[in-house]
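So the structure is just underneath, and the comments pick up after that.
The letters A, B and C name the chains in turn, as written, and every chain counts its residues from 1.
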Amino acid sequence: MSGSSEKHNVGLFVTCLVDLFRPSVGFASVKLLEDNGCLVSVPRAQTCCGQPAHNSGDKKNTQTLAQQTIAALEGFDYVVAPSGSCAGMIKKHYPTLFAENDPWKKRAEDLAAKTHELVSFLTDVLKVKKVEAALEATATYHDSCSGLRELGIKDQPRKLLKSVKGLKVKEASQAEACCGFGGIFSIKYPDISNAIVTTKTDDLESTEANIVLGGDLGCLMNIAGKLKRQSSKLQVRHVAEVLADMTDKPAIGEGEEG
Amino acid sequence: MHPTCNRFETNVAEALVDEQLQKALARTAVGLPSARERALTKMPEFEALRDDAVELKKHVLEHLDFYLERFEQKVIEQGGKVHWCATHAEAREVILKICQDADAKTVTKGKSMIGEEIAINDYLETHGIEPVETDLGEYIIQIRKEPPSHIVGPAIHLNKEQVAESFRKTHTDLPPDRPLDDPADMLKEARTLLREQFLKADVGITGANFLVAETGSTAIVTNEGNGDLTQILPRVHIAISSIEKVVPTLEDANTILRVLARSITGQELSVYTTFSTGPKREEDPDGPDEFHVVLLDAGRSELLGNEFKDMLRCIRCGACLCYCPVYTAIGGHAYGWVYSGPMGAVLTPAILGQETARHLPNASTFCGRCEDVCPVRIPIPKMLRHWREREVEQGRASAISRIAIESWAFFAKHPALYHPIANLKYWALGLIGRKKGRFSTAPGTHGWTKHRDLPAPQGKTFQQLWSEKGGRR
Amino acid sequence: MSGSRQQILSNLRKSLGRGPLDEAKVKELEKNMRRPKNRVVPARGQIRGAKRKELFIQMAEACDCSVVQVASLADVPKAAAEFLRDNNLPASIRVAPHEDLKDLGWSENVSFGLAGDDDPVGLTKAWAGFAESGTLMALSGAEGPTTLNFLPDTFIAVLEAKDLLGTYEEGWKKLRGRKQSGTFMPRTVNWITGPSRSADIELTLQLGVHGPRRVHILLVDEDK
């Protein structure tokens, strides 16, 4: 818990995948932030950070979506996203989208400076050392590429997971290897994507963990989708769900039947 | 070699079911990175050396014309010749002429990517001159008539049985039932046969890992010693190099050398690092009578002025290939030409044209490991994105990309439409998928569901739920 | 083809957004080339004395060389013969016609000159060594035929401790100190770091591909 009596005004950037596919991750994020001294708002005008357009080389749509996102998220102390790739897009790429003399460039830089991925925001900014959560399970962690290589997210989730009562963490031998999602890549080159995700799921299975955690829903849906196709018992969740002690909803790709 | 980049999807399909290749790739993906990582623990200055190499390369590129002219001057001073070639065809002709003037029957070759790029072997052969690859890996693929599958380990995709089979088929003078089960037997055989070739060659062609302007020297690194035997035994030594390889001084070369071998095999240096300066001198008992340097442009000068300039820093270490999830899934041949992996995906469209090589920059997840391990910090994912940007600007992006992005962007740009429509659609999907929590097929999702299930949405969107709860948990 | 030279240079300049460099810049760059500066030099090789020798031996052995110390050049023939005997290698040696090697009192098994195709053992005097990486530095010339470093199956290098340097930078500095017929660079400078090797077949490491299978270093140090 943050010791300060002053609450931080945080704008939650939900991310399109959380908004559309797994709102429980959004609620878990809000809980973690509120439990640690934040007043959370969710601007309605947000949709997508524009990363898919950016990676596809569509400069025009990227810029439009960036401007929309910037305008929606200005005015908070911090902006937090439960995704390394979306936070990375805003922090590392938004400022590069605008020319030197363009007023949007400064607005992008200002937003970039106060935007964070969720878990690293808790540990690095709010100085959270532990969470109040319990889960009897052995987890293994998948380091999503953008979070790891653009934002340096590696130790932070592991640090907080240590404080989850009953949870053991076993490292996969190639935790930092790409899962083969890559956005549109996964449907443009499905066979290559499949080869890569199979290597990843083999590695995850070999840890003999019963749950896979990570910070990016795109990766997690890709991994879960493959595991389910393989009839694997390995469950997949967003790390926020475990840290917020909100694992009541079915895991990714599972329904009421399990 | 004749490019097959436009057969990328077929190449990939073949590669993914090639069990032998997949085994070899699994070896590469683990073995070489481990060796590199072990080596880095013994060089605390590695990051500083990388930064130094970047600074060096940037300086050279800013003054490339100057350093090339100085290099040329020095080569001529030592009694060598420099041949400037704007195109592949020109380089082939120049090399052929040198060989013909030397009355060459046999030409030995050290490993040279530029040699592959200009397809010099085929050209010499059609003119009655026999080129013999002397790097063991290159020799193996030469007799199999295959292209290289990795820029440093060209035969990395083969198992020893395949190599033995090729040796038996080609070395028909030797007893057909001789033992070739052990790589050591094959090594001995190759060494003996190639030794003969080294000694009888009239011309030796090597590449150049870099050119030193200060002294007019070319430098090569090999582990086998074949580059050395190629250049000191014949009467004529031709070193072929693309133009961006020059460094100002010998001290500058040290920085490149300290990051080169370490990045790919974890070695301090390749076994043989050799600096060659001109033809043999009066006091030399051995060495070539003639020394030629062939400088190739073939698109490099253009890259210097566009958004791909950083690619010219590449020192051809091959590390990016070993760390790439795509390369280690499909292997080098799938890329269809001489340069594969991440560096090949950037360079091939630049040299062969984007139309031919359009798949290469698209077949990437942008995971970023390449940039992470590149000794000269080339921002490869950014370069790949630039190729995609060019495609979009020229209206040549693939249909899937265009439709997916445009339709997505349309809704994303209109939040007032987006939220209610998304809520409806995903609520419905959530209801349908409630029991199992996933779809094994769904209309329009074949790319995904071919190999994976599609997790079902939970139901109403977050924005809808948030608003229903009055902006609270 | 000289047309290509001009075309390439002018394309380069066009890409760089300028014409040929101005005189002042040219002078600056030429001055820097005349006075080369060391760049980042790792600490590892920047040691002297016994530590330098220790590091060299450690690094050389790590890349599959064998190293034996002898007290003086006079001991070289005996040490070489012993090495060959101990390893069941042929006794006949082709020795580089180096003035420090010529009169050491060799047996009849020894001849001097270039390597022939079937000389099983070659012996030369290394011009320098680098402790940083266990590397030998050899220069081409009458006293050091380059082929002798490569053709024989077994390569024995004699390295005097006084020629053992720490870093590559020290090697270039020492080389620049020579001024032979206008240039300090010989036709060939070899840095040799271990025996010839390849992992081209199934990533299995093998020694002795084209160059020597064995590298044996006789380190001559009176303070042995």
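Keep this in mind: contacts are C-beta pairs under 8 Å (C-beta built on N, C-alpha and C of every residue); 3 or more make two chains touch, one makes a residue touch a chain.
Quantities reported herein were computed from a predicted structural model and do not represent experimental measurements.
Colleague: What is the chain whose Cα centre is as far as it gets from that of chain B?
Modeller: So the farthest one, by centre of C-alpha atoms, is A.
Colleague: By C-alpha centroids, what is the most central chain here?
Modeller: Measuring from the global C-alpha mean, the nearest chain centre belongs to B.
Colleague: Taking each chain's centre as its mean C-alpha position, how far apart are chain A and chain B in Å?
Modeller: Distance between chain centres: 33 Å.
Colleague: Could you tell me the distance, in whole angstrom, between the mean C-alpha positions of chain B and chain C?
Modeller: 29
Colleague: Measuring centre to centre with CA averages, how many angstrom lie between chain A and chain C?
Modeller: Those two chain centres are 53 Å apart.
Colleague: Can you tell me which positions in chain B touch chain C when the two form their complex?
Modeller: Result: residues 24, 27-28, 31, 43-45, 48-49, 51-52, 56, 62-66, 68-70, 77-78, 83-86, 90, 94, 134-137, 140, 153-156, 158-160, 163, 183-184, 186-187, 190-191, 194-195, 198-199, 213-215, 217, 223-226, 228-229, 232-233, 243, 248-252, 254-255, 257-258, 265, 267-281, 283-287, 295, 297, 301-306 of chain B touch chain C.
Colleague: Taking the touch rule as given, give the residues of chain B at its contact with chain A in the complex, in rising order.
Modeller: Residue positions touching the partner: 12-13, 16, 325-326, 329-330, 362-369, 371-372, 385-393, 397-398, 400-401, 404-406, 408-409, 411-413, 415, 418-419, 422, 426, 433-438, 440, 445, 447-448, 450-463, 465-467, 471, 473.
Colleague: Along chain A, where are the residues that touch chain B in the complex?
Modeller: Its residues touching chain B are 14, 16, 18-24, 26-27, 30-31, 34, 41-42, 44-48, 50, 52-59, 61, 64-65, 68, 145-146, 149-150, 177-178, 180-197, 199, 221-222, 224-226, 228-229, 249-250, 252-257.
Colleague: Please name which positions on chain C make contact with chain B in the complex.
Modeller: Answer in residue numbers: 1-2, 4-5, 7-9, 11-17, 20-21, 26, 29-30, 32-33, 36-44, 59, 63, 113-114, 117, 132-135, 140-142, 145-147, 149-151, 168-169, 172, 175, 181, 183, 185-204, 206, 208-212.
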